[in-house]
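As structure tokens, here come the structures.
Common to both upcoming complexes is chain A, partnered first by chain B, then by chain C.
On to the complex of A and B.
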């Protein structure tokens, strides 16, 4: 049995809504957006977990809170046996380099005024990872890993294309020799042909360096291709999780089912099926009572409007939060 | 009998001036759009698909200019038409919707005012205008249209804003709708709703649509025919079925192989390299430096868009050698 590298337990992250002067005078209670609401899951060492959901479902907030880029409002994150939320900032710095992030936008996540060498050197010196005289060698090593040459070292981000910048972003994360990579929509801003290059690169690096990866994306095709397991989120909660193949073959939650059917298949003969989803994701400020998905769910009944379904384990590895789960088949 | 095309574009060239360099964003593009047809322009960013689309109603950014070619709309050349005539064509004959509706709707006036603006030229009374606006809102599936007319764009959600944009674009009953990445900014479930809406409206109003998209999935769902663009030129035009089952251009095939269609473990085959810089002179085929099939002829002689099979055009010297490959072969190798 493989060991658990990352364990998220009942994590809550909420953001206060700005109050107007009138609200303050009238002493209205502060309201919050519960971006991540009681989320628990585990990532085993060496696996790739895909996190999917539509915009505003809390997937990016979840990722940032795991790294403590946001301070959490509840719950626990245990990474490699250490409680991330209990660490002091100097301790956190020592732990954090084991867990690195790659962000979506390759344009805004690199400092335009720093050369690639400056960026990489800064990381090495801040974390005192290697002696001065070995720095250049280490920098060249990671650039080589992401398929870039020595001539990239003294150039600025503006001199690279989107795909190359994303390679630099990955190099920047890898220079720390992390155990885990959290990739937040790493290929969403790229064109298909470049996207494929980066996906191949991530898979190769994962195998070579024995990385564990949390891969966040709204693109279901990419997630299916890259992940071992998939976690589906809706309005701050996990609605379903399970093995990738199994989950795509037989989704148990109506939302997963709809999400999979709505993604246009590359097939000129497909008419998209008869399935239509009505309505839009409600605002996370006014989360519907009962099951969060009930206003849009074709199977919703009275119970769904009042009782929130808990996330239950159907069989080892497969969890779903629904009163009327679809007939997913257990593993043969 | 050959049907008369609604729109016929011949050798269109739109160049931009960037840092004193000429960027050939659209470089000799030719295609026809038939009546009540959905025609797709697909390609990666910077391939000139949006510039082509904007050229069709002469709304190119100020640094760009249509430098050659003709755009025949119902036999009338749009490139040569006086500005006054263009104002009539825009909206009334050819409507347009954009990717990000928040940037194209006026945030300071209500949706109702923006929608009714379209009817002002028809000299209708206020009551008639409101009635027509409500009818339009209902057509695009905005619930509770009477009250929603009084709302401002920020009170609409992303999907509803796109519906409002479509309502405004269709209010003057154009015969051709230009849709530039209409679903790219939306979530998949909302994207599905907008795709269904556009398909339904095409049937109801029997209008033609030119759909610009980078998403092969959306293109395959919606389009009757698809043109694949690369470096300002058209690489291939054919029906969407043919394009996916029998692509005749290495670039089209490259795009399909780049998509994760097959199961895990089947390695993706990305197209190596990056697209060419359009501010530099390109000799030969623009795709040749990235093409696995490129030969000497490809590097020196630019291939013309030619008919390789009835109704199937490809700009590749070696199109005949590409047979029996399709997205299905990419999908099924397991």
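On to the complex of A and C.
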């Protein structure tokens, strides 16, 4: 059993909905979007965990709250033995580079007024972990890792393509030699051909640098390709998690099952039946009672409408939150 | 639209015409400021009642005023006074106002609410009225003109910078530097300010003109620069009683104001083109 690098326990993050003056006068209760609602999971050192779910299910919020880019509303994050939510802001500043993020949009995630060199040098000088004379060498080393050359150093972000920018983003995240990389949909804004390059780059870097990675995506194929384990989120909660192979072979939660069936497959022998999830994701403001998935679930019954199923561990490493779990027993 | 296409055929749009023309015009004014004796051999304060209220001629190209002073000389020497007022009155609000906007936008919450309400209250009064009120409290003098404009002028920069900070602070590159453990001060000044200061700088260039106009209006009302100092607004004010038979005393210093104003707004436009260019040619 390898050691746990990141442990998220009962994390809650909610955003208040802005009230109008009339709401305040009428004393309407403050309402919240519960973006992340009581989420717990662990990431072992050296593994890649894929986090999947539809847009709006709280994946990015979860990632940003782990990094404390959002302040949490509850729960605990223990990273490398440190209680991330308990750190004072100056302590946090000194350690947060150990967990770095790669963002979704390569166009807005680089400061348009700084050259690559200025960007990287600033990081090294702020943390003072690298002597002045070795800075350029380190910058070149990290650019080389992401497959870019010396000529990139003195150029501005606008002079690069989307894929190149994402490489620079990765270089920025890696220059401080972090233990963990959180990739928040790093390829969803890129062309398919570039996507493959970036994914392969991430896999190479992970092996080379012994990185631990939390990989967030709504693209199931990408997640299958890169992850050791997969966590499936629905409306701010984890509905299922397990080893990638196992989870893709025999999903236990109806939502996972439908997600997998709905993903387009390049397989000439498949029957080509299109599978559609009925209805839309309910609003995270008015979360349905009972099981959150019941309005869209083909197996839902009376119990699902009233009792919320807990996340139970079926066997080590495999958890599911459903009254009618698939696989083995099959639907009731 | 049609005129635009005709124009763009003759003019190369990649040339910074506004910057060049504005720069040349301002250079003339600056030359007057630093070397007024290059333009005229008269003394701006020397009175000669024998030639009072003479219309423009070869000897006195802008004519003379009611004291027989050469008007062109007074306008040339006035450039120094007016530009000094314009720049000094602009520079402090540019820095202070931008800083307040940066703080309000970045920290948000009650800091933002407080600063913005103060700003709202000041916006509720017309600019000139507020300046006049402050000067009447402080007393008439040139330095009080500055203080009054400083006290009122910061709010425009605050508004401009704050609104841009609000956009920038949620962008992903700011989140990235936050997650790298940079301090608030570093993020504010190294990352947010360079990306939000553009509009304030562009506004500042034309604000020089606005400050000059306010100062000129104050002189016109007798609240600003006191006679016999040659200030354009003051000259216009002094010429007012004679406007029916000596139009040049009001019109020609006004032309100087318009000339300087045009140069500054052209310059502002040119600078905004350069500042919005982020490496793309």
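Keep in mind that, in the parts below, the second predicted complex is superposed on the first by the 318 of 332 C-alpha atoms of A that agree within 3 Å, B and C clash if a C-alpha of one lies under 4 Å from a C-alpha of the other, contacts with A are read in each partner's own complex, and residues count from 1 in each chain.
In the analysis below, a contact is a pair of C-beta atoms (placed from the backbone, for glycine too) under 8 Å apart; a residue touches a chain by one contact, two chains touch by 3 or more.
Keep in mind that what you see is a predicted model, and the values were worked out from it rather than measured.
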{"item": "Which of chain B and chain C A:172 touches, first, second, both or neither", "value": "second"}
{"item": "Partner chain in contact with A:112 - chain B first, chain C second, else both or neither", "value": "second"}
{"item": "Contacts of A:11 with chain B and chain C, given as first, second, both or neither", "value": "neither"}
{"item": "Partner chain in contact with A:225 - chain B first, chain C second, else both or neither", "value": "first"}
{"item": "Contacts of A:196 with chain B and chain C, given as first, second, both or neither", "value": "first"}
{"item": "Partner chain in contact with A:120 - chain B first, chain C second, else both or neither", "value": "neither"}
{"item": "Contact residues of chain A, present in both the chain B and the chain C interface", "value": "none"}
{"item": "Residues of chain C defined as touching chain A within the complex", "value": "171-173, 175-183, 186, 190-191, 194-195, 278-280"}
{"item": "Residues of chain B defined as touching chain A within the complex", "value": "44-45, 157-160, 187-193, 195-196, 214-218, 220-221, 239-241, 243-245, 254-261, 263-264, 267-272, 274, 327"}
{"item": "Interface residues, chain A side, partner chain B - complex", "value": "54-55, 161, 163, 191-197, 199-200, 218, 220-222, 224-226, 244-245, 258-259, 261-272, 276-277, 280-281"}
{"item": "Of all residues in chain A, those that touch chain C in their complex", "value": "64, 67, 69, 92-97, 99-101, 103-105, 108-114, 122-123, 126-127, 155-159, 169, 172-173, 176"}
